[in-house]
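All chains are identified by letter, namely A, B and C, in their written order; residue positions are counted from 1 within each chain.
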Amino acid sequence: MLPLLRDKSKIWGLAALFALLLIASAASLMLGRTEITFSTAVEAFRNYNEESIEHIVLHTERLPRTVIAGVVGAALAVAGALMQALTRNPLASPSVFGINAGAIFFIVLSIVVLSVSSLSTMMWFGFAGAALAALIVYALGSLGRDGITPIKIVLAGTAITALFSSFTQAMLVLNSTGLQDVLFWLAGSVSGRTLEMLYPVLPYMTIAALVALFMGRAINLLLTGEDIAKGMGQNVLLVKLLMGAVVVFLAGGSVAVAGSVGLVGLVVPHVMRALVGNDYRWLIPYSLFGGAVLLLCSDVIARLVILPNELPIGVVTALIGGPFFVYIARKGGAKV
Amino acid sequence: MSTLEAKNLTIAYGPEPVIEDLNLTIPQGQITVLIGSNGCGKSTLLRTMARLQAPRSGTVLLSGEEIAKLPTKEIAKRMSILPQGPSAPEGLTVNQLVRQGRYAHQSWLKQWSREDERMVRLALESTRLTELAERPVDALSGGQRQRAWIAMTLAQGANTLLLDEPTTYLDMSHQIEVLDLLFELNEKEQRTIVMVLHDLNLACRYAHHIVAVNEKSIYAQGQPEDIVTRELVRHVFGMECEITMDPLFGTPLCIPHGRGRSIHGESRYGQLAAAGAISSSG
Amino acid sequence: MRKTYVIRSKGERFSFLIERRAVLVITALMLLVLICAVVGTSIGSDFISPLQVLWTILGLNEGQHDFVVLTLRLPRVLLSLLVGAALGMSGAILQGIIRNPLASPDVIGITGGAAVAAVGFVTLLGGALSIKLLPAFAVIGALVTSLIIYALAWKSGVTPIRLVLIGIGVSSITGAGTTFMLILSPFYSAGQAYIWLTGSVYGAAWREVYTILPVILLVLPLSLWFARSINAQAFGDDLAAGLGVAVQRERVGLLLCSVLLAGFAVSVAGTLGFVGLIAPHIARRLVGNLFGSLLLASAPIGALLVCGADLIGRTAFLPLDVPAGVFTAGIGAPFFLYLLFRNRNQF
């Protein structure tokens, strides 16, 4: 399939996506149980009034969740794009790979067994869990005569998810304090978080995203086939390790902040691929913005559908991503 | 004895038919081989004759009865089909496999009659598998495995055997092993055998009757020595060739044109040929 | 030589061929189930000797342990056995028709469908209809979901791989739907719902035992009726049709059997993961690949798995009661990975 955008329009497309991101962010700041008008929002940033409920809501609730949704969405989408290249599998994404479940289990483990309370320590547990799950699934998926195949990766990911989820469940049953909070978090959510929770992971995620942005050319070469890339003088192992590390930091960090938000990493790269083709120099920045937009919109939807309650954002992304997964599976493992 | 014929058969997967208005009568008690290039519809034709595929129009008659109107078990008693590349579950023994062939003759209360037992024993004997009966199918060689599948269709007790490329994925010695078995079954038990083969030369050697399928219908049919000519090969396979005589069997032998090393007059082999020490015709 | 028994009536009105090994294995498994039932009832926060348990069940104990044995423990043990048997059979049937060693009601998405319907019933219709209708809803959910999966996987035929992939995709949707319902629920009690979703026979009552028992009694002979057809289907659709099997019709019937079993199991015990996957595999090791014996062996093995998991869950961490689903998934998921590793050249 030919990409919709050609060379010159790609940069304009990126600008349009950025504009969309601004609009989505504004919507995320304004919409919800307490509606905030645009002028009030601007006012709240200019001179903050401690008396105004709207100003307080904006600062303590809307702003953190908007920033977190944007960051997490961007991180998951880029992680998904990299995973699809790394495994040459159109169905690869952090949640399908079991990375979310792995990170969650390690974090819950650190809380329940080791009584960890600092978020920066939890984060490292999250990274470790993400790395472990990714390694197991990757190893199992690439064994065998045909190398990596979509079905093996997906099955291994499903089983790893089930395994880590059952461990998590056991932990929670054995120590049921705060189960309610954790449950909401397990389903994935960006609400009720402060920006302070984002700060410890943000540097790592930023560095990982920057590395990803600079790897476009290397990934393009890798996609022509490992042997060809080697022949052209690429250090294939190094590139793959680097990609793996980026994935772990992006996905692990996202889980540490927002819990398990599924299928963003699956959907966004595919949609973006339809726009700019399989050129990773463009695909990565497009996924970055696209992921942020998708998660911001999902979060707005999650807040609005069952007012005055709200849904965990993971439910919304699963409801969007599930059909998409089915669609790709039906289309039949078209290679990345 | 049951006859098998196709009447005005048109078969299609999409809008464009694969086979159009085809008539064919399978000679009884003989080996019939369908040949044709890839995708010409010969396998589709065989599958339709075996009721695995419904035709768009036309009928297949088994002993004069339309197979579309016969109960599937009734067909199974008169005609068996071995599709291409069958696979058995892990660990299933030859014996267990061959017993499945009796499906059409059994019911919930009659799962293992004396007749069932006798037919399975005979099937194992005529495929020379009695010794291997307790071995798992997946532990057999390619040729033995194919013999086990044939044994299963024999146990079915049908007089007509349809086989879709029974020699694919087999190396040359196993191909001969399987075709020899089918030849014996035809000679000793007068079974009617219809099969699709890719190798034109083996088809000429084993078939009494060859049906060449081309452009949605039958291009030619008859005894190999009557119909296999340069024109047929050119038409059906789109290839230039020489037809010579098989030095062992006297059946037609097709030698394709094309490129390749020519060693006439150079090597010892070529000199021998030139001297007439080995036959070099064509 | 595999020893076989042949049973024939005089005029050959009926005749059977039975492998001796299968008879031995299945009898042994049934005995184990009986032992497990009695021992499982005697173990608990206070130990009641197996003999006492037997006397109490037979009503010869003058009501001494009646409450603990008859009201608390026995229904729970029986329910765990029955649910396990249902899941084991459901998995054996699915693996038979889908011809895939990795197929099971949970991987394919059937249990997810049952769960979303059950939770939806409680949340949306809570109170409007009798709770006795919950199993019916769960089964309808399972049926509808499996129909949707089958239809989505249909593309001039259904390949096992597409079925599994689409099942996983649909599972993520039903999973999200379940969470959605839970959060909507006015009776939202996260802990309870969570335990149910993990799969547990906690607080089992006789009513639940009577819900699932008739289903098993009905479906077991029905599936056995199809046993020879499944054996033939194992060779692929074409060959099965050549042997005289009405493939499509019988496949639908079998799928229905499998869905009924899994749906009812979920409705009484939540989503107990991986039992439907493991039980048939263990059975295959013991009795081989022929479906009749495989089905009859999968049932007691599934029963033992769930009963064992529940026994550990309620005794090992006293006073906590860990849902059995934690253990079945804890054993099942690694086993699944092992199967994937063993079949790595197939996918």
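We take it that a contact is a pair of C-beta atoms (placed from the backbone, for glycine too) under 8 Å apart; a residue touches a chain by one contact, two chains touch by 3 or more.
Computed from a predicted structure; not experimentally measured.
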Q: Would you identify the chain whose Cα-based centre sits farthest away from the centre of chain C?
A: B
Q. Among all chains, which one's averaged Cα position is nearest the averaged Cα position of every protein chain shown?
A. C
Q.
Can you work out the whole-Å distance between the CA centroids of chain B and chain C?
A. 44
Q: State, to the nearest whole Å, the distance from the C-alpha centre of chain A to the C-alpha centre of chain B.
A: 56
**Q.** Distance between chain centroids, defined by C-alpha means - chain A, chain C (Å)
**A.** 35
Q: Would you pull the chain C residues touching chain B in the complex into a rising list?
A: 1-2, 6, 8, 12-17, 99, 225, 228-229, 231-232, 234-236, 238-239, 241-246, 284, 288-290
(Q) Taking the touch rule as given, give the residues of chain A at its contact with chain C in the complex, in rising order. (A) 91, 95, 136, 140, 143-146, 149-152, 154-156, 158-160, 162-163, 165-167, 169-170, 172-174, 176, 179-180, 183, 187, 262-263, 306, 309, 311-312, 314-316, 318-319, 321-323, 325-326, 329-330, 332
Q | Touch list for chain C against partner chain A, complex | A | 102, 107, 152-153, 155, 161-162, 164-166, 168-170, 172-173, 175-177, 179-180, 183-184, 190-191, 194-195, 198, 273-274, 317, 320, 322-323, 325-326, 329-330, 332-334, 336-337, 340-341, 344-345, 347
**Q.** chain B - residues contacting chain C, complex
**A.** 47, 50-52, 72-77, 80-83, 86-93, 95-96, 99-101, 103-104, 106, 108-114, 116-117, 134, 153, 156, 162
